[in-house]
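The structure that follows is given in the form of structure tokens.
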Amino acid sequence: MVKKHEMQKYLDKAEVLIEALPYIQRFNRKIIVVKYGGSAMVDDELKEQVIKDVTLLKLVGFKPIIVHGGGKEISRWVGKVGMEPKFINGLRVTDDDTMELVEMVLGKVNKNLVQLVESLGVRAIGVSGKDGGLLKVQKKLADGEDIGYVGEVTEVNSEILNDLLEKDFLPIVCPIGMDDEFNTYNINADDAACVIAKAMGAEKLAFLTDIEGVYKDPEDPETLISELHVREAKELMSSGFIGGGMLPKLNNCIEAIESGVSRVHILDGRIPHCLLLEFFTNRGIGTAILDDENTKFYKGE
Amino acid sequence: MVKKHEMQKYLDKAEVLIEALPYIQRFNRKIIVVKYGGSAMVDDELKEQVIKDVTLLKLVGFKPIIVHGGGKEISRWVGKVGMEPKFINGLRVTDDDTMELVEMVLGKVNKNLVQLVESLGVRAIGVSGKDGGLLKVQKKLADGEDIGYVGEVTEVNSEILNDLLEKDFLPIVCPIGMDDEFNTYNINADDAACVIAKAMGAEKLAFLTDIEGVYKDPEDPETLISELHVREAKELMSSGFIGGGMLPKLNNCIEAIESGVSRVHILDGRIPHCLLLEFFTNRGIGTAILDDENTKFYKGE
Amino acid sequence: MVKKHEMQKYLDKAEVLIEALPYIQRFNRKIIVVKYGGSAMVDDELKEQVIKDVTLLKLVGFKPIIVHGGGKEISRWVGKVGMEPKFINGLRVTDDDTMELVEMVLGKVNKNLVQLVESLGVRAIGVSGKDGGLLKVQKKLADGEDIGYVGEVTEVNSEILNDLLEKDFLPIVCPIGMDDEFNTYNINADDAACVIAKAMGAEKLAFLTDIEGVYKDPEDPETLISELHVREAKELMSSGFIGGGMLPKLNNCIEAIESGVSRVHILDGRIPHCLLLEFFTNRGIGTAILDDENTKFYKGE
Amino acid sequence: MVKKHEMQKYLDKAEVLIEALPYIQRFNRKIIVVKYGGSAMVDDELKEQVIKDVTLLKLVGFKPIIVHGGGKEISRWVGKVGMEPKFINGLRVTDDDTMELVEMVLGKVNKNLVQLVESLGVRAIGVSGKDGGLLKVQKKLADGEDIGYVGEVTEVNSEILNDLLEKDFLPIVCPIGMDDEFNTYNINADDAACVIAKAMGAEKLAFLTDIEGVYKDPEDPETLISELHVREAKELMSSGFIGGGMLPKLNNCIEAIESGVSRVHILDGRIPHCLLLEFFTNRGIGTAILDDENTKFYKGE
Amino acid sequence: MVKKHEMQKYLDKAEVLIEALPYIQRFNRKIIVVKYGGSAMVDDELKEQVIKDVTLLKLVGFKPIIVHGGGKEISRWVGKVGMEPKFINGLRVTDDDTMELVEMVLGKVNKNLVQLVESLGVRAIGVSGKDGGLLKVQKKLADGEDIGYVGEVTEVNSEILNDLLEKDFLPIVCPIGMDDEFNTYNINADDAACVIAKAMGAEKLAFLTDIEGVYKDPEDPETLISELHVREAKELMSSGFIGGGMLPKLNNCIEAIESGVSRVHILDGRIPHCLLLEFFTNRGIGTAILDDENTKFYKGE
Amino acid sequence: MVKKHEMQKYLDKAEVLIEALPYIQRFNRKIIVVKYGGSAMVDDELKEQVIKDVTLLKLVGFKPIIVHGGGKEISRWVGKVGMEPKFINGLRVTDDDTMELVEMVLGKVNKNLVQLVESLGVRAIGVSGKDGGLLKVQKKLADGEDIGYVGEVTEVNSEILNDLLEKDFLPIVCPIGMDDEFNTYNINADDAACVIAKAMGAEKLAFLTDIEGVYKDPEDPETLISELHVREAKELMSSGFIGGGMLPKLNNCIEAIESGVSRVHILDGRIPHCLLLEFFTNRGIGTAILDDENTKFYKGE
């Protein structure tokens, strides 16, 4: 026999599940690309929460794809191996040795994520952009300078991801690609997530970041923007207010939206379970970038 | 910007969803037969909760099948039409006219449930045991007396349900069957749920009832049994303590377990969201009947 | 040993079967919608013949779908229950109580047809427009007046019927639908048959009626029309000769033809096996409405 | 407007079609092997009737396979080419030249049948036992003598026929096979039909012959046997009454039944539409050989 | 232990296989139509080599289709049977008797090829243009004269070949077709190969001929052309240099290229393994006809 | 125009391809597991040859799976990072840090192989035993001592490999696994190849090694054994002649054979194209271990 107040606690739980119903329905069999990086990848507790969130998305019928970076772990290993950083015109160069190490570290991070998902009983597979020729790249110059094996994606061979989704895997992608001569290149993870979302016709693209979202005025925390239409985003970018790190991210967001992704989110990865909150509650997390016309179905609308 | 305490509320919600993860995994693509009847069918709020629960089970990847009765609504219509009840040796007889009315009422109840599920965005289909020859019956005598069109199931043609599940329908079954001459018979809904669970190889069979569960001593509410092994259930039945209404239900439970259904539950349908509580929390609701050996995975074990 | 004249009888039979060959070929795997109603539904012998005919169509490889009404049975039950008919401006109103009863009666009629088909060894399933959200409706006003739950179809979700045909069921549809708020509505069976034929891309739509066909002059039985091109049908309708009951039916026929149904037939359901005669012999039954250009393959052409 | 007596004629036709219903159901998707030979292959009118019959069987959902001989046409060509018949111990020898001609004639007959079926709008394909390695043979000695390329089937590679049936072809097989060294052999068409029926798990095997059936006493036409159980057939064979030509045929029948073919028929191919009469009416044609236990469903039983 | 020089022999073999790799890749799952005729069909050793070549193409993942003639064998049989050739205006006429014999001979040739392929362990099936209605023809007049059953293809029913390829058969086609009245016609094998290549969207069409290829000047063996663009072929044809036999062949080549076949080859069938040499080495055999723009991937380009 | 002797060269090439025909047939759609390691992995030219060989096997219809080690590269990195080797009772210990580095190096090697295969135009995917839970392990003790994260495989989840083969990938597996707590373990690559071959029902398992094969007397190169039956292998192992490194390898061979792998080969990876030689020529490479009864089809038998 349970006490009244205890009973209430259970009923509250049931209520939470029931509240999730329309969201579960909305994203049923939809592809969701999650760019995973930043603090959420360093802090072990946050990491576990993100993975649990994505696993839950998979189990309730969504089709999530994780694209991850590996920034801090790469730095740690560069130090550990005692590599000499090289620079051209002040830009860090990804030479052969660096590329080799980056691929090793990203590979390790990749399999570690596979491990976490598998431990939750969901079928994961880790691939890099080499597998099945997923990501074709060309050398990316920085201000006209050759800074080594840094690539920009020219083609996404989405067939491999479709095959893996069809076989019910949760694909975890590390941002490595090959050029036409099959050399290895490093790719910015935000860019990789963006092109994959576009190529897969994703319903949603979510960036886990270390910021609360986009601000009208980065100096003023009160100016956090909840929803940003593409048109407004472009204005904001040309306003000069937006800081350096945010500019390419916003660019990615706009590009994704304009290629047919329904909604792009810049989430604060430092908030526990930010993905679940974003998908299953009416709590606005971070900034949603959306099509100028797209105003249907979503919370608050 | 959200306040701290408000934030906590959202995190609590995320926690509830995460707690559901192992259960969602456990019953993924498993067939769940829910016998739906009693108060949970009369009270509109409870009805909506049950349907929401089942719909959620469907959306997160389970394969629920609802088998429903229609007791009180039948009584209401018998009165409304002004039918003369007939009796043989004190037993109520289901003659042609009664059978016709029963089928009409059950049909209406059936489509009403379809309507509720559809309104939640899930694909439902209502069938009776006539459709696709689902339930073959023979006349059931009561103490050797012919009491009319009351049938017991001799064969379940599970192909139709498998076809509907394969096409991603939520099947809702009303307990009507046909004999070898294709006459219409009424079937006890508990019995129908039991034979369907057996024929479909269900993972779980849940009876929504108007009692809290099975008691060691029905007079003493403190003696509610949480888990009852088949062996114990048989002892209890022969003890004489178990009341009339519970005996056939326990028999159904035992039969289902012995035919391979992993677990059978007698739930208190008067508790809101009792199905969700049963499936997604570690709150024990009602009485679980289980195989003498089956002790793995479940809560509290 | 058989006698000569007896032998001839058998050979004649074989000849009949052979004559059916081109028709069987012509409609192989084609969808045929049969609107079933009128006398053919009241007379038990006619009923059995219609069901046998449709079952044969199914067995020889066609894909029939039955859409049925329930007119007289509804009237019988309205009387039985002692309902007070309500009127607005002289029009009969389908209020809540009436709608409830109509749904019950149509449901019973539906399962009775399932029963007959099943008794002939063919797999049938009875659905209403609620199942799988088959028929979406909006309220239909009569001369601007709200006469209750009378709906006109705004959308046919043909996926459910395709799924059932794929699983080799013979679908039997009762003309009930739901509006956007998931309220129950009654639909004119002729209209339902017409929109389903259109949505399913039916090859043929056949109305079983209580008339011999369309007459140039309803007063003169000699003026029965065998074939009516859409253009002629429109002229006839504007001629003022066509009676009230026939006008909406002809409208449905024209609409179906103009949406791609190859041929629409108004058959005399009082003639035994009128469907077989129409499909398998060169005997013209009733009136065929056809495309202005469509003149190939058919008998007499 | 049709006259009364004319109407009756049409209704009689409908009745014939309806009578076919249980038979169409009974053999739905069942494999039927028809050994086609004798007069029914020489007389052009009979030929057309047989092909129409088989085509109808195909169209109403059966899966017929034709195995044909070519006796008289072979004799005609042997004469035409002016071949010298060779004999060993009085037995006709199939030497290289004869085998070459036999294959050519059977090939022509085969494509001629394809042509007839195609002209009726049904998809046919003609194969010999060489295609897909359908019939593996070994040399068959006659009384210990080597009489050339006469083979007995050692293995049926039924996969090719299953593939063709799956693609909805009507396969027409000519009785040529290859031995382990891939030499060409002639096969008795009755034998070929029998082994194919066995290997394909046919429901029925029908031999079109030039006799009325099996007689108890071949001298007395009154002693034609309608149904012959395997046990009785064996007794008959050992009775000495059965003539030379019938013995191997009866042997084939018994072998087929004992390998699981439900029923074997010796039909009189000289009766027009004998196949249709056999399948669709209760007119007993020729002799049915059946399992000692198999007594259910069939006419007269 | 192997000796050095012996080892080298094996390594050379491996090298040959490795050289085949890009070609195997290039034609993976591509349809290749081989017109088989001429000396390569008369000489037993060449015949075996051609069949081995095609079988290898099949085994390494290509989808070859053989279309064969039967010229010399037909002449042999015309003589053997002692047929009187008929002429109209000096043109040989294919009357009923000739057509019958031609079909018989081609049928025999067809099954003989099946036999050879089967003996190499690959699944073959021989069809004529009658099977599945593969080749629909109309009478072809020669200079306005009716010369009997000589047909030109009006329609290729490619479904049958696709079905057979899907079931992993190697189809072998003999050039016989039917007109709208289902009469039998002989078809020029080159023409048949060409229309089949077009209808199947073949990647390559190869003619095995008895010439070395196309010459600029047929008198001068030094003027053999390796690659001929469509434009050049047309010029050559209008130049008057090209001899009678070559003109229709070149026409077929041009037609095939212009219908989307990537490359057409006129090969010298008298060279052993000419198909393998063409497909797997950089040795130019005969003449390749190619699209004016198509210049990528191939050897020498 | 080609010269005679040049022509001969091409014909020899064709002959080599034709010789491959029976082998291509024999292994069509068969699973081949290749353990890749040793010199063949260090020498760049050998590496390219092995990858070309495996790619060719894939292209001609086999289903190869590569399982690779990474020995020397691991040593190189252990040195580079300046790790302190740890020992227990003289045994090298795989502690956390070592395991991390091993996984990184193996991951890099894995993707490098993917890269090579992709550059040859074949679809590859690199997985570790973590992906899809492919390899479940438990800690392996060495003489009772815990030497860290060294695992032995307890379960192969072959579903993931079957899924990838079905999608036409060439899977490349690195020998990392997880225990029940999802910790990372290193696995001996020979062992991994062996258990995978067993679980996948491989037709052949080939070990690329740095030895010529198994010797009766390792001191005497003349005693190289070409074929070794399981019985003989066991005798040899108990003879004491077999050296330390060979013992576990022979054990793996025997285990694989006894689990149903048809043939196991110990190949000399230092011979260029040793895989092709083994598969496509009658040149015996290294030592074949085979079932005591298995003596059919193979060369030399």
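A, B, C, D, E and F label the chains in the order they appear, each numbered from 1.
Here, a contact is a pair of C-beta atoms (placed from the backbone, for glycine too) under 8 Å apart; a residue touches a chain by one contact, two chains touch by 3 or more.
All values reported here derive from a predicted model rather than from experimental measurement.
Graph distance from subunit B to subunit D, where chains that touch are one step apart, equals 2. If you take subunit D and subunit F together, the chains in touch with both are E. For the pair subunit B and subunit C, the CA-based superposition corresponds to a rotation of 180 degrees in steps of 5.
Between subunit C and subunit F the centroid-to-centroid distance comes to 68 Å (mean Cα coordinates, whole Å).
Centroids of subunit E and subunit F (each the mean of its C-alpha atoms) stand 43 Å apart. One inter-chain figure worth recording: subunit A and subunit E are separated by 55 Å, centre to centre, where each centre is the mean of the chain's CA atoms. Counting partner chains per residue, subunit A has no residue touching two or more of them.
If each chain is drawn as a node and touching chains are joined, the picture is one closed loop, every chain linked to exactly two others. Residues of subunit C that touch subunit B in their complex: 80-81, 100, 103-105, 107-108, 110-111, 114-116, 118-119, 123-128, 130-133, 160, 163, 166-167, 169, 176, 178, 182, 184. Considering their complex, residues 1-2, 7, 10-22, 24-25, 28, 49, 52-53, 55-56, 59-61, 120-122, 221-222, 224, 271-273, 276-277, 280-281, 283 of subunit E touch subunit F.
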